[in-house]
Structures are given as structure tokens and as C-alpha cells.
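Note that chain A is present in both complexes that follow, paired respectively with chain B and with chain C.
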Partner chain A sequence: MPSLRLDGRRLEVSDGDTIAAAAFRAGVRTFTRSLKAHRRRGLYCGTGDCANCLVTVDGLPGERACVTPATDGMRVERETGWPSADRDALAINDRLHRFMPVGFYYKVFARPRWLWPIAERVIRRATGTGTLPVNAPARRTPTRFVRVRTLVIGGGVAGLAAAATASTDGSVLVADEAALGARTTDAAAREAITRLGAEARAAGADILAGHAAIGVYEGPSAALVGPDELVEVEAERVIVATGSLEAHGVFPGNDLPGVWLGRGAARMAAIHGVPIGKHAVVVANTDEGAQLADAVRTAGTDVTLVAGRVLEARGGHQVTSVTVLTPEGRRAFACDALVLSLGWAPRDTLLRMTVEPEVVGAGDVVRPGCTLDEAESSGRAAARGNADEPREADPWPITEHDGYVCVCEDVSMHDLEHAWDEGWTSSEILKRYTTATMGPCQGALCSRHLAEHARAKGAAPAARGRTTARPPVRGPRLGDLTGGVHEQAERRTALHDRHVSAGARMDHSGVWLRPGTYGDVADEIRAVRERVSVMDVSTLAKFLLAGRDAQTLLDRVFPLDVGAIAPGRARYLLALDEAGYVMDDGLLAALHSSYFLTSTSGGADRMEAWLRNWIDRLDLHVHLVNQTSQLGAINVAGPHARDLLATLSVDDLSRDALPYPGYAEITVAGVPCRAIAVGFVGELSFELHHPRGRSVELWDALLNAGSTWDIRPHGLDALDVLRLEKGHVYLAQDTMPDDHPAKLGLGWAVATHKAEFVGKRALERMDALPLERRLVGLRFDGPPQRGHPLAVDGAIVGRITSCAVSVAAGGPVGLGWLRAVDGEFPNVLRAGDVTATVSATPFYDPEGVRLRG
Partner chain B sequence: MSMVVTCPTCGRRPFTEFSFGGELRDVASPDTASDFARVYLHDNADGPQEERWFHLLGCRRWVTLTRDTGTNRVEA
Partner chain C sequence: MANVQDRAVGLIECAASPKALDRLIAPGHGARMLRVAPDEAIAVVAPAFTADVRRELNDRITALDEDALVLDVSDGWTGLALIGADADRALSYLSALDPPDGDAFIQGDVARVAAKILREPDGFLLLVPAYWGEHVRTRAVEDAGAQTVRS
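After this line comes the complex of A and B, so read on.
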């Protein structure tokens, strides 16, 4: 016989049992202790709607015992009560509870202030449900994306009828929490579900069992939580057919174990064959009374069926008697189970979650208490676009003078009255003050009661509505929600393995992994300055622009004079945004009938979006090819760069054929390269853009041939120093979001004579304003620290953005921000113990002789 | 999850595939004085607004659409 363990006790499991069925059969009546008063709570809804039976299953807290199938060897623990749910020392709170109205804790423990943190710890331990398994391995649920024409939530009669009809008009997905019909006790309903399920399947509908919808969103779209996946559904329309729950009855003793909502009791008796007691009283004001009574009887329970208002239930460990105001008068019954079918509470949370007109309801959720035939026609009508308007059940079950409104949070009628008297006079505010509807069931039971209470108290129309419906409707696991979020794209260049095997420290640079250093930064710098070196610059954003309007586009968009670039030449390029601020920088090479543009590594997507936006908005004829991933790039830099290339190429590499700054198509070691003479590191250097698939071949050839000059590759650390020695700015590190070119000393890169370019008007406007801040070169008399404030007479006027101790520049140098003081920029500053003097840049080879080779 | 944008090339796609390009504005200003308003003084409408979206994780095409900023409903 299969079995599970509940708090260590072995319980037999029958075929088809839920955890609740196995436990109830074995005599368990108290499943949880309530949040504040530690009252006993037993099975109540029996349909997964309330939070009375939350248990920990195999270490995972918050599982609903009433809908979780029991399996052999399962370990189940009750989560509340100390030392156990059956014997709870804190049950004393129930006696004290009436002296502790809503807000009690906050008011009483608020003074002195040191008391609250201590009180909070004690209160926290006494309340709450399960314990998070902090040592459990992180569970990650995969996320699946589905697009359909129609999503139907709920595989009951209305849902399946909707699915069958909707399948004639595109794809349909039906999601149901359980297997179709598995939770229905009514034979006619089960038969209809079988018939309609077959019809829907035959019509092509996809049926997803065991998937609960936790939310409906704009789009419309929905999230479904399955046993081992999260499904995000994009649908053109959503039909919510989640049915109705019996209304939660509020009367003294309404939360005693042994008080059931009708369909849950029927399921326990008719599906699991477990008697809910010896003698049950069924109080039914709906049409389902006789049917429920029959279902409860099947397991051998003696049943009394009455209609009327429940005035009071009494009992200790569980219900022992009930008083009902029947049409014939007040009657008291002894019983050990009380089954309620007082009215209908449509499960309409998903429907109320969105204003999308494509989200409609069908069946019980919009026509509470409808017959099977009505449910079927409601479903078919919804599929045809004639959905029923939601209709409230009538008459709404009366609340008595006391009893628990919100079972999850232990909020009674008394608490609502008390809060109202304190001045919290709207349903939303009542909710926030009392926490009613804020428990694990998310107001499934009590959200109507709260609104009804506000209405009965005479709240203004705007203050008596239902409180906002929000996801999740069913409690997902944290792992379900984190799904694919941990995934982070990581891009590697074609030379990644070469860097790793050369012992490089690989750094994250945006999405890219790039070599920081191969071990000896000083040696890498010397290789560039004195011999020859290579760097993998494949991460650069690279674009090819062709078409009859290519030059027009570039001229209109960038501040440089594109027409002045002769074919075969290249220019430094600034990209300004419409506010005139520097957005990106790079290089523009004029090919013979097109243009090649490179910009910073992190900005490829943004640059492409930006260029395409202008092509589109200006209606230009330009072909833009983003070659970032297609091309690898290696920068060959150093006084012997030309010598090295000459050993591997038969092309003309002379200063005339490939001047600085210029470009040529050459072949190096058999690899076709677009060579651009650049100057970022301040030595003769050539960026070789080549097909990415041949990067390794080219890299190896360069390193082999370079051994004549004791070649070394260099990484980002060396590059940072090399460019600083030239006074070149690193965008984002040295710049701020509101830097126009003049602040950076880059005014020379703007062709102000052009009639129009993006940012021109803004620059004109800012030109009329005094320069309040600028980036300057700095020399230091001691080792500087990046980020250190710069001060004059103790007042901070700037900050160091880059610095290094440079051999080539003859000492510590840097870049930093300065603010104007009384319209003047100071020249000498203090950075802690170090004195900084403003200095002209470049610090190295200011005439730029070396980079022309 | 949530909004759906209709791309002329790719059809209905979740908005997470797109990057937001802001309100639709003029591409240029007639003079320097009015440029400030064009760049900085957006309408920030509560209701239908014409705006630009870029299908970054798709065909990389720009789309101009009208979105109700209150309901996130997109009109084609």
C-alpha cells in the first residue's frame, strides 16, 4: 500500500487521493493554525481556492493539500502551530485576540522605538506560514512561449464549449488546473465535459492539463504555471471560464474545522470516498442543495438539508452544532460537519485584472449558478464574440454580526467595524488597514464581503468597489517566476580561445568578454610604444552604409563634414543626440562607393537603431548592414606595425597608399582585410577588419611573423593607459550624459558651418551660455586615485575620471572634471595629498608624429 | 509580458522584443529658439500618443504606432 508521512506519521494513500483526502481519512481535522489567533483551521473550500490547508511538501512550503495529489513516499509537514498544529501553545492568542484589534501591534509596540524590532521578531515567529528552504538547490522552471488565437482558461463545460467553437476560427489553447473533469462530482457535468473535450480536441484545440493561470495581462497575454514549466501565452483573445466557488459564509464559528464549502465536501465524499463526518447539515440557498446532499451521502454520511441563514456554528476542536434561521424559524442541529452552499462567488479575479476588451468570461464565472446547457451556450457565444456580461450572484449571502471575513488574515466582522469606526471608510482603505483580502487566497473568499461591508455602511460609490485584482491568482513558486531571468548573454570574439590559452584575464565589458591583460601590463605598453603589438578589437560596432543617400544621411546625422572625406580616407566621428550631447564616437572611412563606420563596442545596437531611425524618418535610400558580428578586427600597433604587415602582404602599404587617417583593402597572410590607419593608442596602427571565420588564422600569422620584433598582444588595461597618454576620452568613464563637444575639448570634431546636423540647434543654443564645466588633462605630483575629488581651498570643484602612472608621459597623468569658479577654471588643485596641475593634452607625442609612421 | 506591438514585417510580437523610441516628434526645428521645446518639452500624454518603437530583437525595423498610455492598448 503506498503511503506518505504527515509530520512523521505514516498515512496510507489510496488511488486518486489528494494529500488532504489521505490525511482526512486518517482522522486529521486541523490542517493549519490561523495567522494571528492561532485558531484551528480545517479543510474548507476543498477546491484549491482558500489557504486553510497549506502544507509543506518535500520541503516546498505553501502547497495546497486539497488539490495536490498524494504520492508514495511524500513527506508532508503542517506549517503552523507550535509545537504542532494539533497542540499549539499560542492558541492562547485566541482568548486575547479580542483585546488586540486591527492595528494593535503597531500602536502598542511603537513606543519606545527600540521595542518594535524586538516585538517584530517575536510576532514574526508566531505568525506566517511555511519556512523557505534556504539550503535547497535553486529550482529553475523553464519558460515556454506560446502564441494562439484564443486562450481559454478553465476546462469545464463553458470553457470546452468555447474551445470547440473557437477552433473553427484559428488556434485554441485550453488551460485547466487539473485533468479535465477530474474534480467534478456531478455525473451530468462529467459527461458534458467528456463530450465537449472530445469535440474540442477533434476541432483542433490544444488542451493543457495541470496548468493554472496566475495572471492575465495587457495584450492580452497570460501566465500559466504548470508542474514543471511557466507558459507565457500571447493570445488575440482570452476566454475566462474559471467557474464559481460557493460564497464564503460569515457567522460566528464560520472558521471551525468541519465547516465546508459545498463542492469541496462533495469532492471529498464522492471522488475520494472519504466521509466528511457522521452527521452533516447542508445549508443550501442555491439549486445545488439536493445534489450536494446526495454526494455527501455516498460516503455514508447522514445528511440534513435545510435552506436559510446560518446564525451560528459552535464547537471546540471542530463544529458540533449549528443554528439556522429557516423559513420555518430558528432551528438548531447537532452535527460534525456543516456544508455551505449559500450563494455563488464567481472566480472572476482574472477577468477583473485587465481592461482589455478581448478578455471575456463564459459560463459560471459570468452567469453564476447557470445550468450545464446555459454554460455550454455561454461558452459557444463567447467564442463567437457574443460573450455574456458579468453578472453578480443574487442575493449576496448575508453576513452575521460576527465571524471571520478574511480567514487567511484572521480579520473578523468585529475588526471591520472597528476599522470603520476609526475612519477607514472605503473598501481599498479597509483592505490596507485590516489586511483583509491580502492573505494567500488573495481575497478569493472575502473580496466581495469587503466591498459589501463598505456599501452597507453607506460608503461613497467610488469607495465601495471591489479591491483591485492583481496577479498571482494561484501561488506560484519563486522558481517559476525567475524562469529564464538568470540567463545572461555573454559574447565572445572568435579569438576567445587564443586569449584564454595565452593566459589572459578575461573581463566582462558590456556583454563581451575581453582580455584585460595577458600578465604584464607594463610589457604590453612597451610592446606598443617600442616594438609592435596586436589587440583583438572585434567587439567594435561596425556598419557598412551604401545606397544613393548614404552621404546625405551621414552628413545630416553626424557633425563632421562627410563630403570632405576623400575616398580612401577616414575621420574621427562624434555622434551627438538631439540635445547636442555626445552619444558615441568612432571612425568613418570613405570606401569607394560606400562608407564604413566603427563605433564603441557597447553601443552597436543603439547606433544601429539610431541610424535606422534617421533613415526611416528622413525617408532616405540607404542600405545599412550591421557587420559587428560578421567581421573580426585586430589592431596592429607600434613603430614596426607597417614592417610586420609588409612581411605578410604583397600590397602597397606605403604612407601614400595607406596614410593616417586612411583606409585600404589589402590581403594579409592570405586573409582579405579592410585596413584602417587609426591613432587611438598614439602609435602607427592599423585596424584589420576581416571575415570573423578567419580571425584565428590571421592572429596566429601576425604573432608568428611578429616574433622578429618580440611581439606581444595587449589587453584593455594597457589600452587604458595608452589612450590616456594621448588624452583620448573613454565615453562613459570620462564623460557624463550632458556633455556637449566643447565641454570635452572636442569642438574641433564639429563642422559648425554645415547647414544641418543632429544637435546643431542645441549646440547653437548652448554656445550662448557660459561653459560651466569641462574635461581637462591633469599632471600629478604623486600617485593619483581614480574618482578622487579635486578641490580648491577645500571646496570640491571636480573629480578625477581617469589616471595612470605613465612612463611615456613622464609621470602620473589623468583626466578629470573641473567646474568654473567665478567664471574661471582653476589650474592647481588638491586631490587628497596629491597636487594636480591642469595640463595640455596629449601628454605623449603632442604633434602626432608617431602615429603617422 | 503584457503589451503586444504589431510589426509590419513580423506581425504581432510581445513588446519586450522592441525598444522604445519615445514620442513621435519632428525631425528638425525651423529655428534655434523652438528647438528646445522640440527636444525637451514632450507632451507626455495621458491617453493616445503617437510613438516610435524599434524591433530590436526582430527585423530591426522602426514602427510608428498609437498607444494609449493609460491602458497600453496599441492601435495599429
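After this line comes the complex of A and C, so read on.
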């Protein structure tokens, strides 16, 4: 016999059982403890609408036992109660309830201020539902995208009728959270579902069972959660046919175990064959009363069927008696189960999430209590574009002077009264103050009661509406919420595997995954300064520009004198926006009939869009190709860089043929390369831009040939020190969004004599103003910290943006922002315990002799 | 089932004036021309014909626009074939885009990155920038894989 374990106890599982059915058959009556008062809670709705039966299944919390199929070997734990749900020491809270009115903790623990963090911790431990499995491996739900003409949510009579009719007018998808007809006890309804399901399928409708809609959004679109997937549906129209459930009755004792909503009780008896008690009282004010009573009897329960108002239910561990005001008068019944069919509560949350006219309802959800024939005609009418207007159930709602309104959050009628008397006099702020409707069922049971309470109290129409409906209707798993959306699509260079196999620590650098270090940063720095090193710089943005207006474009948008760059030479380039602020930097190399532009690794997309925009605005004949993904790039740096390349190339690599900053087309180890002599690390360096597909070949050849000079690759950690020693800035790290070149000490990169370039007028205006802030080089007498404030006489005047302990620079150095004080920039500052002295940059090789090699 | 396979493809990019591209006669060798922008077209071709198609395109387009750029950009792209009876369903796990019909292609988000989707006789050819190749390959196998895909 298959079995599951509930809190370690073995329970037999029959074919078709839900967890709740297996547990109830085995005598379990208390499934949870209530959130605050720790009252016993048993099976109530039986349809997945309330939160009374949330359990942890195989480590996953918040599963609804009443609709989750039981399987052999399943491990189920009740989530609330200490030490157990059956014997809960915190049930004392129920007796103290009157001392803990709604909102009490806002006031009681407000003073002294240190008390709240402690109280919050205690309250959190004592409440809540389930524990997140923080050590469980992350689970990511695949997302499927579907576009259809009509999405029908709900596979009941109305939904299937709508699908069958709508299928003549385009594609239809039907989503139901269970198998079709699996949850109905009414033979006539099952027969209609079978017939209409066949009709819908024959008409071409796609039926997706086991998929719960958790939200309807503008578009319209909807999210469906299935066992192994999240389905994002874009539809031209959505028909919500989610039916209705029995109204939640509010009366003293309404939350006792043994109090059931009618259809849940009928399912337990008629589908699972489990008697809900020895003697049940069915209080029915709907047309389903007799049918429910018959269903409950099938499992052997003795049933008394009455109509009327429930005045009170009594009991301890479970209900033992009920008092009903019948047409014949007040009557009391002894019972161990109370079944309610007091009215209808349309499951209209999805329908209320959007006001789009393309989202309509059909069947019970808009005509609560309708017959099967009416449901079918309602569905077909909705499919033809004549949807029924939503109609409220009558009578509704059912409230007495006491009882629990919101069973999820333990909010009673008494609490609502109390909150109202405190001045929270509208349904929306009652919700916020009392947290009614904010529990796992999201107001499925109680949102009407809240509105009705406001109405009964005389609130103005605007203050007595139903509270806003928001997703999710059903509690999704966290993996469902990520659903492929919140992920970083990391870019990898062609050398990724080489870096990993060399033991590199791979870091996220903007959108790229890059080597931080290969293990010994100091040796990587030494390799660059003393021998030779390579770095994968394939991440650089790379553009080829050609066409008769290419020079005009570059001259108009960049502040450098493009005409002065002879073919075969390269220049540092700043990109300014219209406000004169630095938005990017890079290199521009003049080829014989075109230009090759590189810019920062993270800025390729923005730079391309920016250049294309200017091409269009200026109406220029320029062709632009973004070669970022096409070309790999390796920087060969160090005193022996030229020697290394000479061993792998027959091209002329002399200082005359490839000077700094120069450009040449060369072949290295058989790989065609655009070589640019650069100086970012302050040594003789050549960037070799080459076809990405040959990166590995080139990398391996360089490392093999470089063994003569004990070559090492270097990563971002070493680069950070190397460029800092030269005083070179990292955009974004050392800069701010409103930096113009002079603030960064980069005024030399601006050809102010040019008649026009983007940002020129703004720079002219700013140049007329005194500089209030600037980036400076700093030397420290101790180890500095990046981000540390810089102060003069205790007043903060700047901060450190980059720093490192540099062997080449002879000690700790850095860059930092300084604000002028009384028109003067201070030279000596304090950075905590460290003294910082403003120093000229570069710190290393200020004459730039080494990079000219 | 559906399979995801690496597919070697030759890609020739043509950057030229819109007028020139409007008048460009497509090359032979089974090349498929994708007009990805008014001033940009890409020829997709079997790798063996890449050089021939590049030469052919260069001759034709420079006669129409002397400044045109014709580049072999095969290295810049990863080709992934999503093929098999469930290829359409597998694609729906990767992209919200409607699959292209016939010889048409579409471009947009695939596994949250920019890509082009071409219809193949037995499924789809996905073209993604090479630096995202591994990402899309992983997504195809892990997301669609649980449902339909073998790699």
C-alpha cells in the first residue's frame, strides 16, 4: 500500500487521494494553527481557496493539502504550532487575544525604540507559515511563451463552452488548475464537462490541465503556473471562468475544525470516500443544499439539512454543536461536522485585476449560482463577444456579531470594529491596518466582508469598495517568480575556457565574465612591468566606420582632431554628450580608407546607438559595423612585448613601423591582426584585434612563445593597479555623471580649436566658471580604503575613488575627488587615520618613456 | 522531441546605403539574405561558400555604393539549430516571438538576449552574438530541455 509520512507518522494513501484526504482518513483534524492566536484550523474550503491546510511537502512550504495529490513516499509536515500542531504551547495566545487587539504591536513596542527589533524577532518566530528551505538548491522554472487569440481561464462548464465556441474564431488555450472535471461531485456537471471538453478539443482548443492562472495583466496577458513551467500567455482576449465558491460565513466558532464549505465536504465524501464525521449539519441557503447533503451521506455520515442563519458553532478541538436560526426558530444541533452553503462568492480576483474590455467573465464568476445550462450559455455568449456583466451574489455577505472574517490573518469582527472605532474608516485602510485580505488566500474568502463592513458602518461609496485585486491569486514558488526573467545573460569571450583551465577567478565585470586574477596578482603586475604579459581584452567595444562622411561624423561628434590622425596612427578619444559630460572613452585608429574605434567594455550598445543616431541626425553617408562580437582582442604588454611579437610575425614591428600610438595590419602566429600600440598599463603594449574564432590559437601561441620571458597572463586585479600607477581613470568608478574633461584632468584630449563637436558649447560655458571639483592623484602614508571620505580639519571635502599599494609608484597611491574650499583645492587631507597628499600623475613613468619602447 | 545542435554558418555583413541594398541582387550558393536594417544586410551561407559569397556581394554592392563595407562576420555569431518535431514548442521556452514563416526571419529576444531566428526545413536556426552563444545553448538545453530538447 502506498504511503506518505505526516510529521513522521506513516499514513496510507488510496488511489486518487489528496494529502488532505489521506490525512483526514487517518484521523488528522488540525492541519494548521492560526497566524496570531494559534487557534486550531482544519479543512475548510477543500478547493484550494483558503489557507487552512498549508503544509510543507518534501521540503517545499505552502502547499495546499486539499488539492495536492498524495504520492508514495511523500514527506509532509504541518508548518505551525510548537512543539506540534496538535499540542501547541502558543495556543495561550488565543486566551490573550483581547490584550492583543489588531495593530497592538504598532503601539506597544514603539517606545523605547530598542524594544521593537527584539519584539519583531519574537513575533516573527511565533507567527508565519512554513520555513523557506534556504539550503535547498535554487530552482529555476522554465518559462514558455504562448500567443493565442483567446485564453480561457477555468475548465468548467462555462469555460469549455466558451472555448468550444471561440475556437471557430482563432486559437484558444484553456487553462485549469486541475484535470477537467476532477473536482466536481455533481454527475450532471461532470457529464457536461466531458461533452464540452470533447467539443472544445474537436474545435481545436488546446487544453492545459494542472496550470493555475496567478495573474491577469494589461495587454491582456496572463501568467500560468504549472508543475514544471511558467507559461506567459499573450491573448487578444481573456475569458475568466473560474466559477465561485461558497460564501464564508462569519459567526462565533466559524473557524473550528469540522466547519466546512459545502463543495469541499462533498469532495471529501463523494470523491475520496472519506466521511467528514458521524453527524453533519448542512446549513444551506442555496440550491445545492440537497445535493451536498446527498454527497456527504455517500461516505456514511448522518446528515441533517437545514436552512437559516448560523448563530454560533461550539467546540474545543473541533465543532460539537451548532445553533441555527431557522424559519421555525432558533435550533441547536449536536454534530461533529458543520457544512455551509450560505451563498456564493465568485472567484473574481483575476477578473478584477484589469479594467481592459478584452478581459471578461463567464458562468458562475459573473452569474453566481447559475445553472449548468446558464453557465454554458454564458460561456458561449462571452466567446461571441456578448459577455455577462458581473453580478453580485444574493444574499451576501453573511456576518454575525463575532467570528473570524479573515482566517488567514486571524482578523475577527471584533478586530474590524475596534479598527473602525480607531478611525480606520474605509475598506482599503481597514485592510492595511488589520491585514485582513492580505494572507495567503488574498481575500478570496473575506474581501467582500471588509467592503460590507465599511458599507454597514456608513462609509461613503468611495470608501466601501472591494480592495484592489493583485497577483498572485495562487501562491507560486519562488522559482516560478524568477521564471527566466531575473538572470544575468553573461557575455563570454572566446578565451573563457582557457581562463578557467588556467585557474582564473572569473568576475562579473559589467555584462562580461572576465578573469579577476590567475592567482598571484603581484606576479601578474611584475610580468607587465618587468617581462611580458597578455590580457584578454576581447570585451572592448569595437566599431568599423567607413564611407565618404566618416571623418565628418567623427569630427562632429568627438572632441579630438580627427583630420590630424594620419593613416596608421591612433589617438585617445573622449565621447562627450551634449552637456559636455564624459560618457565614454576609447581609441580611434585611422585605417587607410576607414576608421577603427574601440571604447569601454560595457558601452558597446550605447556607443553604437549614439553613433547611429548622429549619422541619422546629420544625414551622413557613413557605414558602421559593430565588430564587438566578431573580433577578439589580446593585449600584449611589457618591455618584451615587441620581442615576443617579433618571434611570431614576419611583419615589420619596429618602432618606426608601429610606434606609440600607432596602428598596423600584421599577422601574428598566422592570425591576421589589427595591432594598436596602446599605453593604458604604462608599458609597451599592443592590442591585437583578430577574428574571434582564432583567439585560442593566438593566445596559445603567445603564451608558448612568451615562455622565454616567463610570460604570465594578467587579470582585472592587476590591471586596476597598473592603470592607477599611470593615473588613468576607470569611467564610472572614478567619474561621476556630470564630469566634464577638465574636472578629470583630461582637458588635453579636447581640441578646443575645432569649430564644432558635441558638447563644445557646454564646455565653453563651463570653462568660464571656476572649477568647484576635480579628480586628483593622491599619495598616502598608510593603507587607504576606496570610498573613504577625504577631510580637511574634520570637514569632508572629497572621497577616494581608486587606491592601491603600488611597488612601482613607491607606496600607496590613488585617485580621489576634491571640492574647492574657499576657491582653493587643499593639498593635504585626512582619510581616517591616513594622511593623503595631492600628487601629480602619472605616479609611474611620468615622461611616458616606457610605453614608447 | 527537439534537438539543439551547434551549426556552423557563414555570415557576410553588408553595410551600404539603403538604396544600394534595395537594388542588390542576392548572391548564389544558396545564400539567404537577411535585411536586418535599412542600411545593413547579412547573408547566411554554408561555410564552404563564405569566401565566394563575400566576393560576389562585394562586387555587386560596391557597384551600387562604392563606400559599402562587406565583411565576413562568421566569427561574431553562434549558430544553434533547434530541430525536430517539437522545435516550435522548444522555441516557445526561449522566446516570446512568433516563429517566422517560410523564408522570413525575425529578430528579437531569445533567452533574454538579441538574436535572429530563421525557419529551417526541420526547425529553426538561431543566430546569436558569439559572446552569448554559451548562454543560449545552456538555456535551450536547461529550459526547453526539461520539456523537449536533447543536446
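Operating definition for what follows: the second predicted complex is superposed on the first by the 484 of 853 C-alpha atoms of A that agree within 3 Å, B and C clash if a C-alpha of one lies under 4 Å from a C-alpha of the other, contacts with A are read in each partner's own complex, and residues count from 1 in each chain.
Just so we're on the same page, contacts are C-beta pairs under 8 Å (C-beta built on N, C-alpha and C of every residue); 3 or more make two chains touch, one makes a residue touch a chain.
Note that the structure is predicted; figures quoted are calculated from it, not measured.
Participant: Contact-wise, after the overlay, does A:A546 reach chain B, chain C, both or neither (first, second, both, neither)?
Facilitator: Touch status of A:A546: second partner only.
Participant: After superposition on the shared chain, which partner residues are touched by A:R692: those of chain B (first), chain C (second), both, or neither?
Facilitator: After superposition on chain A, A:R692 lies in contact with chain C alone.
Participant: With both complexes superposed on chain A, which partner does A:R314 reach: first (chain B), second (chain C), both or neither?
Facilitator: The answer is neither, since A:R314 touches no partner chain.
Participant: For A:Q627, select first, second, both or neither according to whether it touches chain B, chain C, the two together, or no partner.
Facilitator: Second partner only, chain C.
Participant: Classify the contacts of A:R201 with the two partner chains as first (chain B alone), second (chain C alone), both, or neither.
Facilitator: Touch status of A:R201: no partner.
Participant: After the superposition on A, what does A:E578 contact: first (chain B), second (chain C), both or neither?
Facilitator: first
Participant: On chain A, which partner touches more residues: chain B or chain C?
Facilitator: Counting contacted residues of chain A, the larger count belongs to C.
Participant: Where does A:E232 make contact in the superposed view: on chain B (first), on chain C (second), on both, or on neither?
Facilitator: The answer is both, since A:E232 touches chain B and chain C.
Participant: Based on the superposed arrangement, let me know which partner A:E490 touches: chain B (first), chain C (second), both, or neither?
Facilitator: The answer is second: A:E490 touches chain C but not chain B.
Participant: Common interface residues of chain A with chain B and chain C?
Facilitator: 145, 147, 232, 234
Participant: Write out the stretch or stretches of chain A touching chain B in their complex.
Facilitator: 145, 147, 217-219, 221, 223, 232, 234, 236, 355-356, 578-579, 605, 608-609, 612-614, 616-618, 626, 756, 761-762, 764-765
Participant: Spell out the part of chain C that touches chain A in their complex, as residue ranges.
Facilitator: Touch residues, chain C against chain A: 13, 15-17, 39, 67-69, 71, 73-77, 89, 92-93, 95-98, 111-113, 129-135, 139, 142-144, 146-147.
Participant: Contact residues on chain B for chain A in the complex?
Facilitator: 1-4, 12, 14, 19, 21, 27-29, 31-32, 35-36, 38-40, 52, 54, 56, 60-62, 71-73
Participant: Residue numbers of chain A touching chain C in their complex, please.
Facilitator: Contact set of chain A toward chain C: 140, 142-147, 228-229, 232, 234, 484-485, 487, 489-494, 496, 512, 544, 546-548, 594, 621, 623-625, 627-632, 691-694.
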